[in-house]
């Protein structure tokens, strides 16, 4: 669970609702037609803008903003050090026994290829394509969020313009001016909240997640290559540690010297 | 047919018209002079901005946002695997018989060159120029859409400023203030809708399409080169599969191993 | 003549004047002090921003937006094929006779160097510097147009702020509020028209022209090098055709094969 | 201490408070709910946008804007010239005695590796990773400041829109219009001050600091490598001087010649 | 003297003052507290943003926008042709006599190195660092101008918001509304003038100057290297001419051929 995302969303929504409640009732801020033009309009623009498959894929990508299912880099290094030890002692085929304990599909697939006797080049080529695909999915998700972040305020403005034109044509009833203008402004408010509380921050987190996942996948790829090369556990550990920033690395004898 | 584009456009227009209807009549939102200044002004700016040939070419490029005539990558790979099998069995000239079943002009042209005995370099050079031309056309189309997306709101603002100046000079008749201002705002509304519902999303789709088409064309070029090289069907399939992301690839014995 | 530029400018100006006329008299929209602050202010900013020589050079560059004096690529290829034939038959010096028929100064200069017996490297070095200078001039022109496109709306806003401050200080005479505000908005209107109808689109056309001219000049340079190398007419044609996109190339026997 | 940062902050705050005081009381400008929506909303967006660890790390990075703890480049060059002299005279191990006088943890660590007999490659690899980590931390800090600089005005606008809608719905009491609108504008004011007085300038200083620190660290790394190579003091000085711009270099005999 | 900069500044200021005078008195446009918040606020932001040394360095860099002290490229080429002739005839040491006639410190320093017998590499390395330092100073100056160009309108808006809030809280005295709002708008006006008449155009000129100076310095460096190499005057001239665009080059026999 990525608590920061959830706390941020809850806090942001609570602050906006709270800020409205302090000044009066929440009711005047709920306007279904206004919501429809902002949400619906942004969705319509999104359908025109992006291929259907990417729009549908957005939701599975968004999960990454809430669920932190990535293994820790140090755990991955440890895991590969252990795998290298087993492989050294009992041969690559003995890794078959470890397969059951591995849930990560990327790692599972890579290990299957290692056990299946694939060459280092075959392994690297398949896994690299896989990593590029993961990054592409994240990139698509971010682009869609950014498209909504641009469309929502625009449709908010369109809604406000429609409301203003209607209000201005009925100026003869001055008691309705305020209410008309208030309603007209609601779409701008909705657009601003959608863009600034949801889309822009979520796109930012998706970018961080994408970088983190790419790092872990490359770390795993480096470990799997080391297994194919039959390296000693200590060498595997050192090679993989090069991917991790100094302060997060496990202490090794060499560096403590 | 690209349903998403059509659904998006219909949905967006329906939402805007519906949102207007809820608040009153559609009639005050139709103003021919206002439309003329926004549409005509954007068109005038476009004529100054871009060469006539590109403006005319826009419409044929826009078709790509609505019609999805690209063959599936897996179908293309299958097709080339079959062609390679025929070529192996009966020689390159036998491919002449397949020509009738091929509608895609790019593929047709390439196959003609293969059968005509052109070298790999000749083939690649001609087809690469062709791919660059296709991308150039899409790029030009996108640039024009982006130019309109920038010009329309600007001319919307110009129209609103003209309307405001006229309204402000006749303040003595207060009953007309609202109507004058409402009319003045219409051009801003038109400009915002043109940019945000039409031009920006269509430019986005054009970009995706352009990338997709470039991929398919490069896939075909790789297949045609393989035919010239006289590769075995299985090798052709493997080589072409490298262009396609893992999850979309057809299952091959190697990868299932 | 570049008709599109002229039609665009006439259409844009006509639409704006027409749109004003529909709503009343043109007279209130003509305000000399307002024009002075927008035009003069933008010009002042331009003088500070760019070296005097570039500001003066702008006008000769702007001509390129209106006059299409570039030769067609196919005509250039044909011309060089003919020149290569003459040179083959009667020697390079015989090209002296063709000099009179050539108006393009770039081509004339290059041909003089070819006849004068300069080496390929000398020729290329001189002409490349020339091409870079042409591109630099266009680039400078575009930058100046973009600087005006940014300055004009800014000085429009400055003028409007000055007018608003003056109007707000004399609120006691309510009959003048509207007129004062209308006049204040004129500078914003002027700035928007200067930027969006003139500077931004002209800068766009200048960019296209610059690319087109660079292509033709490089085509000529390739042709002149071929003359120095004493290539056969057919080879000259093929070499030069590589610069032109497939669909615009003249049909040659090779490609029809 | 970075006096400029502190003077700038004090001056900016004093000017804003002074400017308010001249026009009346400070009290109407303090509004807790308005502060909550701008500060809280920006913080919520930040939590969604960035990983928790980076948000927490911001404060330690911000210190760099206030405290100038970097050693002078010339002092560093002098220090290494002295160290090289000691090492030449008494061997690398004698540097152990100098360790106590060194406070900088980066330099301390590097020197420990030099004394410990690490090779030049080991040294460089460890220190380069360290430098990249420092830059990454600064970069993260800057990104967070820029995210707040974008979020604060947005939540300022959201707060103003909420206030406007509430004010417009209670137009019947005209005496409250002004106060309502004044309060609504406060959030926009808070957002503008947070972005333009705090976040944007601090992000700018962080960037300068980051460049300066990277330069000093690279200078130290060059000096440490020279120690490992056992270079003469004069050569160490010359090599390190290459990192420093001419005007800041210490005068050396060669250059005075 | 760079007349364009001075004419532009005088013209711009005259137009703004003139435009104010036409509409009434200049007096209401002078407001010390408003000036303080815009100028002082921008200065405060600048202090936080940039290191003190760069802020102080700005003034010496700004001089370059007003004073055109760069020698003409053709004069530099002529000068080096003469120097090369002297050096050929009387040896490098004879150049000592020419030193008195040279004022440019960069050239003086380079010539001293040439006479002092430095190698080409030593010369190039020292002068290149010098050129990079000059460019760095200009770049810093431009960045500071751009930072003010961004800060001034922001503090203008902050000032206007403060004024608006104060004005809105005293709506009960309607006679003061206009004056209050007029005063509030002054800070926006100041910010717009500072950014658009001063900072943005001066930053533009600084960029042009920086490019021009870099070119002249590289030209000088090429000439100095030629002196070290002991080249013939004619060769020196040709080599240096390569730095200058065709149309500005002095006519040489080769090119007239």
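The first chain written gets the first letter, and so on, giving A, B, C, D and E; residue counts start at 1 in each chain.
Rule of thumb we're sticking to: a residue touches a chain if its C-beta (ideal position, glycine included) is under 8 Å from a C-beta of that chain, and two chains touch if they have at least 3 such contacts.
A quick note: this is a predicted structure, and the numbers were derived from the prediction, not measured.
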item	value
Intersection of the contact lists for chain A and chain B	none
For chain E, the least number of touch steps when starting out from chain A	2
Chain B on chain D, rotation in degrees - Cα superposition, rounded to nearest 5	145
Rounded Å distance, chain B centre to chain C centre (Cα mean)	28
Mean-CA-position distance for chain E and chain B (Å)	45
Touching two or more other chains - residue numbers and ranges from chain C	none
Category of the chain touch graph - line, ring, star, complete, other	ring
Traversal of the chain ring from chain A via chain B	A, B, C, E, D
Partner chain E, residues of chain D touching it in the complex	3-5, 7-9, 11-12, 15-16, 18-20, 22-24, 28-29, 65, 175, 177-179, 181-182, 185-186, 188-189, 192-193, 195-197, 200-202, 204-205, 208, 245-247, 255, 257
Residues on chain C engaged by chain E in the complex (per definition of touch)	33, 36-37, 40-41, 43-52, 55, 116, 118, 122, 125-126, 129-130, 132-133, 136, 147, 150-151, 154-155, 157-159, 161-166, 168-172
